[in-house]
């Protein structure tokens, strides 16, 4: 069962203070409403992964890692590799997160990111067949939220795209006759082939204003949000409304406009960290 | 752990009123104690199923559906098809049902129905081998209780037998050499072969009387019940005592007699709805 | 999550009484601190198992059983059989045990026993290949704690080693060409090959004294314990500290000494019950 | 690219003969269950969804209750024989878990939950047959079930998907269009107060296509909204007679 | 029809040499565990079942307690090495879940649960070796364990299966008869007050066969009931000495 | 014997060039997370572990609280991409369940839990990269995180493994030595008060080898302990500036 989440307890005074600051056109850390916090990237955090990238978006920290395995293709796509995305909010990341299997929030985050990568064909899965119809690369993308200070989807998307774009395919030998694939992770057979870059821009509605990249305190006051995935060629490649509130048609149009602008910026930032 | 269920809270006055009516020989809806409520049948509720039947027994509603898949036979019955029966009480069906995997009541219902179909060989499983010893039809029978107003086993059994007897086997082609079976659900290869029809008649002991087909309110007052499966050839093909109470030997004999009579009636009703 | 267990409620008076007795050099049942209770062994409790042994250590009862199955070897040990150890504390064994899958205590017990058998190569797994690299014997060792009156690891280890050493390998025929193995449990192909015997001696620190084989009442007062596995050739083949307390280096050295002495005794006892 | 994609638009018509802006045939029935406080069945094409509502009722376990509002709980699931092809496992899939949340958040903006503090309103959406548009049919049905249960709402919520198939923006995707199309965008709204309570996009659209698709969705939603009102009227008129 | 069915009745004798109305050899022992409030082991042929009882004790979680009676909780399970052939997975099977309920409902009619409101009586049935008749041996053992725990009962509950093999009604099916027979009908009763607390039928019987089978079952139950009383006497006599 | 065991000691040197009594390079950082009450990262060789602490905080569910002390809760787990070879399933393994308990019991002796009755102190150990010694690095990191959270402790707990490879007693096993060595013995201690809070042995040692290994472990622990104190000083000095 999906259930209305517990309302975070924020003292009235503090709430009003935050709303006042936002109404004046700034985040509580003084940024303009439509600007992102600083983005730091640390690559190769987990050398045993085929790629791993830690993204810090302000105090929010997300670690994404990739493991490649040899597996079977999906029957309806026998000549393509397989992408599987999972996400976990580790209990260290927030006093309200609990240990256990991924909850609906983590599952939704993983599925939004999965669709936003899959639909624009960001990863060239068609180049990942080893023995067409029988053996393909399975790309496991695992996302861990390590510290939650707001705007998790955007941070997770940056970490995910960077993890994928920096993935080294292990060296492998295919025996077409027997169908055996030997892999040797100590050597590499090149980078995972990418078609294009994608970013998500999540627009939060707080009071009457639309903002991007809120801190956790600000985010707790948002009535609704809209995660919009945009690709480097300027298309909209995914969308997910979340939260207990609603948007007017006009707000939706503003949100799209914001996302196209900010998405371009984020993709430029992402590009800098690709090997 | 199986645990004594919560006693439903029924006001003393109402309880006595119900018991008084029953003592006078009638259900609270005026039927005689040994007669069933009206039975309505809706076929093909779920066109994606290979068969689906909704049975309304008074306000009780049970939906049974069948999916056929190609699978392996059981090692001890290599030349027969496989029947798998599952049941769920959906939380919409009663304020006391909870979401989650089937509880002991749903599991017991599924197993009682499974045995009552399997033991008299109601379905001709021996005609469901595709490649003997290797590939057979697996018959998935899934039972959903949609609305609970008493006497679920009898309603579920009617829905189950009707779903099976109306099941269309998808068109298939067997390649005996490779062991591959191609199936095409847009065409049909005939009806699932049946050997005989079966009904269950559940006898409820309420106060000192034996009744059939109680409403949920009446059922809550039963101390025990006995589900008796009878086949169209007049045999007893299954039995399950439930509840916190007990039966005397004499009551058991009466129950058997009732079940043989009412079972014949139910089977006639069932027969009308078979294609 | 592993969590501090509930402190058992022991009346202060009783606690002091026990500590006084121990301080005088005896268990509450008058044994010296470093002597074990009587050990009783019942073999073949479960004739359907390939071996089963019930061990009574005082009032503590542990039942260990073995089933052999044909399975695949681990990829990194393709020419060896497989040993899998599981343990359960059945809820009948203590008012504080709850039904459900094995908790961390049962998992730890199984893993300590597993390692103490595996590391000294007590079972000759290298003699259990049927078709090297493809089919080997899988040895399932299942341990059930039936009655808990203290010192479960030592009792479970005696039961486990005796169950293994008395295991009859079912009669089998290997078809090296097809890779099929036929097994016939009504006949036997000899005993499971053993290399050496092992016992664990668990040293409990209660107040300031080190004791072995406490009753459940005594065990509840221990601040920490150290399970030490010793093999018949006088080596230390496993160790596990448990509990909320700690040991000094000196106490560790004393514990090792005790374990080497008492382990020899236990192994002699074990040897008597091997066919 | 999925293998074996069929042609989806032939001479301006869709595989089932509709024009791009046609809805499939719709049937709605309110009050179909006896025990539930509210219930409804919505059929759109071959898609068939049952929704039931219980509440406001006591929250168990109690610590989940909220002092200033009713909590809304929602479960979306597909019956095991409701899908094309093989039997669906009854274990909740990640898709079902996500959609339970999405449907809850599509309905919550409409429910005046402050009126029933410390209670729960439970919504069960059961897909009886799935041929495209089950989440939107589920929202439409659940909204009717909420109304049938007498839960105060700002407005009914109606929902439908739009999408892009063979380059054309179309309304109310069926199963084949959903599977092989370029984009699928389910939308839910409270039509009379102009609020969009749910929007998802699965696929690729240009900004212009998005605008066109949104308009088409809102137009479809309006038509569904009118059918909802009729269905409710029909039930309550019948009872009064 | 199961493949390779052996002949089960040869010259009026069963595969293990019994006549149709013979029980297998029976052993009962009461008070076999130290921690449990009551316990017993029952062996019938090679079938061996351990039962343990705790209670009346506090109900955790508390909201499951009932104000006017003790709740009875019961778990039946088979040890992983107790069955013929391969190891049984320790995950509870659907069969084990059903039998836990069936055994509970076979015992509840005997327990005077009104005497201990707001408490729980927990019954654990562990199958040590399974060769036919584990549920009935479990009921017989659990009834002894309840008595050993001092739980007030209207009567002991005794149980045994009857069945039909090669067309003959027989008492106390063993594993082979259970597997290849035409019917298996476990029955439990409180003999001194003439109440049947459990009956199941797995198989096909004519109405006449049913009557005959029921008589035979009740006859077997009486014999087992006498052994139960002896076993209890033996334990308590021993203790008194 | 594992297949393909490499030679682990060549001319007195280990596969990574260390002498038997060398530790791998160590890095420690305290206060790496914003939300956690305390946190630390410890790297030893390529092994990298993150620890976070919350508490003392309210116990949910409440019935788990203890009247005379804080309960300590601990979870050790490995990220799915942290291990060599294939992806690790995120379902908790039996190994992870055991190590959660072992790590908790290595830290509990140091925590003055009586100071915070009816509360919980939660410790989360996340292995970011695993190349030998993750449990000991986890204990070392968790001890720093506890200090960072201001939890009163009798002493820091420091930990390291010793073992036997190619017959030689060595300090701080790396992944290859752990996999192919003859024994692995992780040890944790509170160095300044001379208490050993954790010891496990996985492998075979003679009594003499055990004594030698224990000395070497305690020596390594002392070195790690000094690094812990420096790391704490560094963080708090930095903050003061």
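Residue numbering begins at 1 within each chain, and the chains themselves are lettered A, B, C, D, E and F in the order written.
In the analysis below, a contact is a pair of C-beta atoms (placed from the backbone, for glycine too) under 8 Å apart; a residue touches a chain by one contact, two chains touch by 3 or more.
For clarity, every value in this text was computed on a predicted model and none was experimentally measured.
> Can you tell me the least number of steps between subunit A and subunit B, where a step is a move to a chain it touches?
The fewest touching-chain steps linking subunit A to subunit B number 2.
> Can you compute the centre-to-centre distance for subunit A and subunit C, using the mean CA position of each chain? Integer Å is fine.
48
> List the centre-to-centre spacing of subunit B and subunit D in whole Å, with centres computed as mean CA coordinates.
A distance of 31 Å separates the two centres.
> Once you find the CA centre of subunit B and the CA centre of subunit E, what distance in Å lies between them?
27
> So which bits of subunit A are touching at least two other chains?
1, 99
> If you look at subunit E, which of its residues touch at least two other chains?
75, 122
> Beginning the circuit at subunit C and going via subunit E, which chains come one after another?
C, E, B, D, A, F
> Which subunit E residues qualify as touching subunit B in the complex?
1-3, 64, 66, 68-69, 71-75, 94-95, 97-98, 100-105, 108-109, 113, 122, 183, 185, 190, 194-207, 210-211, 214, 218
> Touching residues of subunit D toward subunit B in the complex: what are they?
33-36, 39, 46, 48, 50, 52, 54, 57, 75, 79-87, 90-91, 122, 124, 126, 128-131
> Please name which positions on subunit A make contact with subunit F in the complex.
So the residues of subunit A touching subunit F come out as 45-50, 52, 59, 61, 63, 65-67, 69, 86, 88, 90-95, 99, 101, 140, 142, 144, 146-149, 185.
> Can you name the residues of subunit C that touch subunit F in the complex?
Where subunit C meets subunit F, its residues are 1-4, 6-7, 76-79, 104-105, 107-108, 110-111, 115, 119-120, 126, 224, 226, 231, 234-249, 252-253, 256, 260.
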